[in-house]
Amino acid sequence: MAIITLTTDFGTDDSYVAEMKGVILSINPEVTIVDICHTINPQNIAQAAYILSTTNHRFPRGTIHIVVVDPGVGTERQAVLLINEHGYFLGPDNGVLSYVVEEAGEGIEAFAITNPSFWLSPLSDTFHGRDIFAPVAAHLSLGAPPHELGDLIPSLTTFVLPRPQIGEDRMLIGKVIHIDHFGNLITDIRRSDLPKGRLFIEVCGHIIDNLSTSYEEGEEFMAIIGSSEQLEVSVQKGSAARYLGARIGDEVKVGVTRTSPKGGFR
Amino acid sequence: MAIITLTTDFGTDDSYVAEMKGVILSINPEVTIVDICHTINPQNIAQAAYILSTTNHRFPRGTIHIVVVDPGVGTERQAVLLINEHGYFLGPDNGVLSYVVEEAGEGIEAFAITNPSFWLSPLSDTFHGRDIFAPVAAHLSLGAPPHELGDLIPSLTTFVLPRPQIGEDRMLIGKVIHIDHFGNLITDIRRSDLPKGRLFIEVCGHIIDNLSTSYEEGEEFMAIIGSSEQLEVSVQKGSAARYLGARIGDEVKVGVTRTSPKGGFR
Amino acid sequence: MAIITLTTDFGTDDSYVAEMKGVILSINPEVTIVDICHTINPQNIAQAAYILSTTNHRFPRGTIHIVVVDPGVGTERQAVLLINEHGYFLGPDNGVLSYVVEEAGEGIEAFAITNPSFWLSPLSDTFHGRDIFAPVAAHLSLGAPPHELGDLIPSLTTFVLPRPQIGEDRMLIGKVIHIDHFGNLITDIRRSDLPKGRLFIEVCGHIIDNLSTSYEEGEEFMAIIGSSEQLEVSVQKGSAARYLGARIGDEVKVGVTRTSPKGGFR
């Protein structure tokens, strides 16, 4: 039972997503299609790349992931297939697969999608999600060999992934990279980046004293390791983003609380 | 063919819902997953309980319903499975199954979900929808015996369900419990609660004279028995909620029109 | 493997869509259900008709399409089934199938849906999507013969489809008929309507010089043949609707640029 997932900036008010599904089901009526997200901000490649990265390894190996955030549709930008141990990834070569490329390390294989015999015909100028990516995914789900799609390519376009830095004061300096539906601020600081010891976290002028281990435990603002193993800043039953006025790109600093000679904290 | 439904407050802009689907399909690729609603207001347990109650008996017997509105995730609140003649219900024990418990009457069976061998590992602190409820549902769909999930428990947490009262003036006093996408005001007054006779309905200072039997029949505001057998207040091709300034919790009163000696109505 | 699609104005915050899916799966658990759109503006029959028209021929032949934008539910308006070479179409006879009727030309067959043995019982006054269209679609997907649903009917209610006119100045005068999620203005001018030659396009007081063939190629506002073979007006990485203050119904004019005696353009 093959699975195809869809991540786009198409929204859900138009027929675009359904047109892709119709094309896929016309080629492989047995495939399972799963929506990951269709509300990526229009043309926001970094957001699509992030959402895909937090989701793809939850799916069975061999799942085919289509990502269509494609401001360059109809221009010279390439359509590509990347294969790694988790699955197949189809999208424009514009950075939307940056996290997948990084995670895969050396273990990737990539193809340019240039063979029109797997595409819809006629090909539109504006909707390669429907005319190229959907039919190619459907044919892959039926066992089409990747090398028939086009030539192997040595590398893909990627953007520099956000990662925390060490500041002058030896604090870890990360950034807010995603704000979720609840208003939680998700940062580029991973659990493995955190220093040892009792931590404090600085964000938007607020100090949070120590990490929490559940949303209810904390008082006011809290810092917690979220479900994708990244540091996030939350507020109990409210939106941390709204209360803090936080935005994507805002700095989040982490330091180690020093025990005072008298046994108290800094 | 097993079915798993999802009701959450996760929204559809993040990867959370898709992560749950990926986990489910990794365990049982053949299962059919149906979204009930992902736009429950964050942490609104009563709303989730209501939406589930209007939907679950439309699904085939044996359907597995997951409800994740879970402000206490990571705390001591229990994860539970309730079984009744309609299906299997998985959620936190925080009241989200209140209507299901009431409908089931004596015929329920409930288990604490405590056996980690059915969960994802490692378990996150913040996303038991993905790490506990999704894999448990998938294992149930494959035939895992409920008693292996954990101990039978004698009762579940429920909140007092809204029900109409009889007022001093012998009128039936109910409440708006849901406002739907069209702006219809759905009340806790069921068809079987209504007195006999020609009725009038009072809401937000307006009097509606009699019940309608279709949305187009009525003029201006109308009262009608809606699709879940509850009294609702509507306006033709518009939002009753907006026109009346109505909110959840507002009173809706129903009385019987008295025929005057001359045969006219009050 | 049968497919049923859903197009409604129900939104996704209530249980209505899921109730329909539950009813369908109770009758045919093997069917594949695909959402086309649930955010048609309430009671907007023209919008639903348009969205369906851009999508349905992407699905496999024999797909069953349900459209429920039904302000007259519970009144005398008929429920109908239309069959053409692409599929089966179920909806109220209120114009929602206008484009499908036009596309089908002479090749349609239509039935009134009057046989309650295919419906849910009891029948609600307000939700025939769940009580009539969903179960009828499910029975069709299992092979129920269309003529058992009710009598053949000779014609369906349709509205006059928007089509461009030739103006006094011999320019083609069309209208904006849809504004998509990206703010692209989609018009009723089809590729085949366009005159030969180098074109210019007038919209909301702006002149666009020539057609583009990709979204990135153009500067500022551009005109392009979109994915449903209709002229659309776009702006690079922004919303043409917002920048132009455009609305559905606004005029879009197309003329042919005259080459001046010196070889330049007008």
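Odds and ends about this structure:
So that you can tell them apart, the chains are marked A, B and C in the order they are listed, and the count of residues begins at 1 in each.
We adopt the following convention: a residue touches a chain if its C-beta (ideal position, glycine included) is under 8 Å from a C-beta of that chain, and two chains touch if they have at least 3 such contacts.
Since this is a predicted model, take the numbers as computed values, not measurements.
The two sequence copies subunit A and subunit B touch through a face in which the numbers common to both fall below half of the numbers used overall.
Least-squares overlay of CA atoms from subunit A onto subunit C yields a rotation of 120° to the nearest 5. Subunit A and subunit B have centres, each the mean of its CA atoms, that are 32 Å apart. Chain contacts: subunit A has residues 12 touching two or more partner chains. Residues 1, 3, 5, 12, 32, 34-39, 51-52, 54-56, 58-60, 63, 178, 180-182, 213-217, 224-227, 236-237 of subunit B touch subunit C in their complex. Partner subunit B is touched in their complex by these residues of subunit C: 9-16, 18-19, 21-23, 25-26, 29-30, 33, 42-43, 71-75, 124-127, 130-131.
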